[in-house]
Each structure stands twice: as C-alpha cells, then as structure tokens.
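By letter and in written order, the chains are A, B, C, D, E, F, G, H, I, J, K and L; residue numbering begins at 1 in each of them.
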C-alpha cells in the first residue's frame, strides 16, 4: 500500500491480465487496460498466476491482480 | 477461467446471490441480476456458501461468487 | 450478511480506509467515503489491518474492508 | 450473520450432516437434528463438503457446517 | 494460550459478540455473556471482525472469538 | 476419510468434473469417469466449485475433487 | 470422517490437550478427558501443534484437536 | 480452467519445474517434461515459487504447478 | 525440496498413511508402500494429521503427505 | 508497504505487543519497544489478535505484528 | 502464548530443526540450538512438518517452528 | 529446503526486495543485500508479489521472500 495521505480512502479492483510472453507482461497488460477508465492507481498485489497450455506448450500466462486506487474527494 | 484470447483483460466482480431452493439457484440469481448491467460474463467461482435459519428450518441459501467478465477493447 | 429478503442480490466492494486515531475510525472513514456513491450498504468484513510508521511511531491505521450492498431491482 | 440486535451474543456450533441425495439435504439434516436441543439458530456457513464412495458410486454427501444461534439473556 | 499446568485439557468455544461502540467492547460483551455459564476462561483469539451498516453508517461491530477454558478434573 | 483398516495406505487423485445440471452431478461425473481406471475409491472432498457463463446464463458447473482410494497390498 | 451410516449427524468439539512427553500423548490426553462427558467419539483432526519452553527446554506439547462424535437419535 | 466441453472430466497433476534463468522457464520445463507422458494438457496454476541459493546467489528457481489435462472418453 | 540438479522436474504424489502407533510410523507406512511403485522419492510434506477413535481411545493416526520424486530423463 | 525508493530492500520482524487497554495500544507498545533497537520502521501488518481472560474478564490484548524496516545501504 | 505480564513485548523467530528420530526431537534440536543465542524463549508453534527420503526410506524429519521470546526492558 | 545434513538447524529471515525490471530481479536484490550480513543462505520461498503503479504504469515489483540459512555450530 502507498504511503497514506491523511484519511484517504482507496478502492480495490480485481483484474486478470494475460500475455504470451511473461508474468510481468501480463501484469502490465492488466494495468494498462484499467488505465483507460481508472485514474490514480497506486499499487497491485498478485493473487494468482495461471496459464493455458496448447499442443503441450505454455501459450498464455494469466495473472489475477488486486489493484488499489485513490477515491478522490 | 476461459480460454484467453490474445492479451484479453478480465475484471472480477464479487456478488452474493440467494435462493430459498438450492445452491445452484442462488448462483443463477446472482448471475441473472448481474446480467442487467454487465456484458460478457465468462466464468464464476464459489467463494462461500452460507444461509439463514428461521424457526429451525433452512430459509435461504446465500452464495458468494467471484464473476469474471471481459473488458472490451 | 444481512437477513436476506427473498432472492435479493448483493454486490461486494473492497475498500481501504485510513485513520490516525483508531481501527474503528479507519472503518468509518471508508464507509463514509463510499456512501457518496453507493446506496444501501448492509455489512462489512475486515480483511486486513495494516499501518504506517514514521519516526518510530504509528502514524496511520489502514483497514481493508469488504462491503456488501443491495443491487436494486 | 443476522442483523444484530443491540449487544446480542451468538454461539457457534460445528456440525456434520449427511445425505444420500444432495448437499442441500445434508445441510437440512444437520440443522433439523440440532433443532432438537438448540433454539434460535440464525445462520449457517458451509465449511467443507465431502462424501463417501462405494462401488465406484457416490453414496453420501457430508457437509460440515458452522451454525450460529442466539445466547439468550 | 496460557501457561499449561501439567496435562491440563482445554475446550474451545466459538462466540460472536457485538457492540455499537468498539471492537474491544464487542469482545468484552462476548466474554461477559459466556461467563454466565462457563468458568475458568483463559484466553481468546479473534477469528473475524465484521459489522452492520445502516443509513450509510457503521451501526455494530461483530467480532467472532474462539475462547479457551479449562476442563476441570 | 474411511474407517482405516490396519495400516492401509490411500492415494489421493485430484479431478475436475463438469455438468450442465448441478454440483452433485458434476461430482458424480468425475467419480464415474475415474471408475474406469481406479478401483476402491473411498471418499471425496470438494476443493473448488466454479463454472462457465455463456450468454449471461450459467452453462456448466465445474467441481474440483480430491478422491481417495486404497493402494492394495 | 467415519463411514457415515444413513443420515447420521455429527457434532465437532474443539479441544487442547497437553503432554510433557509427545504430540501423540497430548492427543490421547485430550481424547481421554473428553471421554468423561462425550460418548461415541469417532475421529479427530489436528488443527495446531504448539508448546511451552522453560529454561530453554521444551516443557509441554499442546495440540489443538477437532473431535467428531455422533449425535444420537 | 478451459472452456469445458459437455461433461468432460479433467485430472490434475502436481509438478515442480526448475530453471537457472526465470520463473517462466521453470514453468516451461515442467510442462515440457510432462508432455512426454501426458497428452491434452489444458491449463496450469502456480502453487508455490521457491529457489536455491549458493554462494549468496540465486542458483535455481523452483515452481510448483498444478496442471490439468483431459481424461479421454 | 531437494537441492535441485540442473533443470530436473519432480512430480508430487499425495498419500495417506495410517498407524496404530505414532505419527512418524504413519509417515513411514505411506512412504514404504509408495516405494513399491515409485522410485527416487526425495521429500515429503505433512498436509494433515487426523485419526480414528474407538471406545473413546485413539485407534489410528492418519497422516496425509505430499511426496516429491524425480521424473527421470 | 511504503512507496519503494529505487531497489530498496526491507526486512520484516515479527513482534507481539500487549496492552490492558486496547488493540491500538498493544500495537503501539510493540512498535515502541522495537524502536529501541531498530531504525527506519516503515509499516506494520496485524497477523493475529488474541488476549488473556482472568476472573471472566478480558485482561490483556495481545497483537502479533509483522513490521517492515529499511535495510540501509 | 504465555500469560503476558504487563505490557511485555515478545519477538518471534522462525527456525527449522531436523532429526533422524522423531518430530519431537526435531523441535528440541531447533530450540536447543537457538538457546545458544536467545534467552527467555517462552513458546513455539509448529508451522510445517516435512522430511527427506533416501533409498525409499524416511531419513530426516524437518520441522519449521515459530518461537516467541521476551524482549527485555 | 536443502538436503539436511545431520541435525542441522536453519533460521528463516523475511525480506522484501524491489526492482523496476522483473520479479526475478527483485528476488536477486533481496538476496544480494542480505548477503552483506548473512552467510550460508540455502533457499528462498516467495510469499507475496506486489508492486507500485505511477502514472498508470508499473513502476516497481516488490517481492516478499522467506530465506533460510544455516545456523552454524
């Protein structure tokens, strides 16, 4: 959690990002997509790391995140 | 989780549905109600099963669900 | 959870409230802020209690809550 | 949990009910049996769902419940 | 847990206390009510902290406790 | 777990069964399919209950089970 | 859990046994003490293993058990 | 979990993969090795991430996976 | 987990061993039985300790183990 | 967790504070005592809340904390 | 936890002890080794029980403990 | 855990490492910093993966580790 300013309130979103490349990239995709509608995201926490397998090969990483953002005013 | 299409991002809602009849019916009530405002729900996961007792009889089942849906474009 | 009326559906928000004074005050701040946009909150559950330390003194309590409210009609 | 009246205290019992038919029926059997000695049961929470298999067929469902009831006066 | 005397056996009760004032007061209410029927309580452990909201204000704290007491002789 | 006969050893399989009808039916499908290759299944435990949603309707229940069976002699 | 006979209901007690000798002995002490007031105990499950240290030596083992017994007729 | 086709049953394997390079590489090594004996793997879930340290340097990542695959016919 | 050699992959079995004597003996019985079909077991982890009670006396200890072994080549 | 400056490393201590007055006071006592030997504490997280009962009255609150502090240079 | 004297603060160490003989002996080895540098240890809690297997035989028990001791003055 | 030599005792440290680059790099930073004061680190386990977001972009990964090292003599 971020250094709280006085009496701030945060809301937590839960998102699933996916990527063919890496766990970090799946996190970035989730945060990047959320940025279209949410401002002031402050932190994330990884809740689960999963993925899909096709033809006996890892095809996607899927990372479930809790993301905290400031509720303004 | 559904088979992820390339780099999709999902959001997870948490809902509580109730029913006098069955656990499955409580799940359906929660999903049906959410369908009024959320499109493209893909999966659910049961987090908790509870219920109320009146006059020493089970009166409602209450099921807490996490529901995933696609964040479009 | 509240005494369920027939086939009601509830949604759960996750919030973080903070206070310099007490855990109870951090809970109240989170609920009070959420009241600006959510009606019909019914119950909360404390998920985590944390805080910040500055100059070797507790500076804020930060309480993560799950808050349930009725989805109308 | 039920809507608390002022300063009520509840006690929680832990029970295991079983049924050859369904999970809901195992819950009802546990609550019905407890009703012989406990008054004022208010809510239950499913802690675990198990069962027995005989001749490669599911024979019983066994559901472990926590059941809350009011401690009077 | 208390410092065990030789080969003592303890039993654990699970209680829910509530208070309009504070988490500590909800704990005291549960312990005080249990004292009417149980002697020799030694320790408690907070299992869950919840509460009710009415008119967008916290109305009660509800604390679930496990309470240990000595089984005599 | 079953009443253990002297010094028996059990092995635990983890399975996911699915059904369009009910949670109980998903359990039965998993046990029935495992019965093709495993003898002497004794008990199961539900680890997770999930499902898929299509067109805003629950389409399948998916139940993850741990299933215990006797390792013979 | 024991092989359930038809529609039996079990109740679960939670106990803490202690012993200066071994974990097994602490379990036996708890079961032996409970046998003074409870009939038809069927199974136990270890929830926690703790102990006390005096003069830098282990002095007691303390084992928390959940014990299931049959609720008759 | 994959989009379930009608009444499919899946089995879950638990594997530990290791790699000197990255967490993703440890996952791929486990899946690649399992592919020698298991067909139709569909998804994985990371259960634990550990590693070994030699000469004060990270030497291996070790990732424990649950891997689901279709039980045919 | 054992000191990993380069890029080894391990598989995890889950077993339940029982003994009338001790927890350690139940572990040894499970490992000894598994040794009839599995080579190269490297480590175990205790997941649960339970037991059966007959005539108010502990009759068996039942220990659930996860056991890791090397997948060769 | 605090806003991380570039590549900082934190260490986590685990402490138990006690107080006859309140949960918040038990937290402050633990942090205050740790301040005698640790500099640069940044955050805490409550892991467990317990307490002692004497003469059927709550006598102490005992709060287990994880406390993070900066490892310098 | 021990009976707290007024406003005492405890610190928790986490240790892993091992023994070829028994779980109890692994606990004693950890406590005995810690006694070389820590005074006033008061209680322990078993966090995990694992072990190593060589030649299909249990070779060591490894027990992870949390150990509490008094912070003086 | 490493292959235990006879009756060794390990101590577990809990650390948080951070990195702007990757989860693996955050692990390496924590281990590298601890190496300044601790010898004979043997293994680590990832307890939590979090991070900070600035300007809607992932800025740091923060990984909480438990690190085991040998207590000599």
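One rule holds for everything that comes next: contacts are C-beta pairs under 8 Å (C-beta built on N, C-alpha and C of every residue); 3 or more make two chains touch, one makes a residue touch a chain.
Nothing here was measured: the structure is a model prediction, and the numbers come from that model.
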item: Copies chain K and chain L touch via same or different residues, half shared test; value: different
item: Chain pair equivalent in interface to I-K, over half of contacts matched, among G-I, A-B or K-L; value: G-I
item: Maximum centroid distance from chain C, chain identifier (CA atoms); value: I
item: Chain F and chain H: spacing of chain centres that average the CA atoms, whole Å; value: 21
item: Between chain A and chain K, centroid-to-centroid distance (C-alpha), Å; value: 38
item: Centre-of-Cα separation between chain J and chain C, whole angstrom; value: 22
item: Of all residues in chain D, the ones touching two or more other chains; value: 1-3, 14, 22-23, 43, 50, 52
item: Residues of chain G touching chain K in the complex; value: 22-23, 48-53, 56-58, 61
item: Complex contacts: residues of chain J adjacent to chain K; value: 13-20, 29-30, 33-34, 50, 52, 60, 62, 64
item: Touching residues on chain B, where the partner in the complex is chain A; value: 1, 3-4, 6-12, 14, 66, 68, 71
item: Sites on chain F touched by chain D in the complex; value: 2, 22-24, 27-28, 31-32, 34-35, 39, 41-46, 67
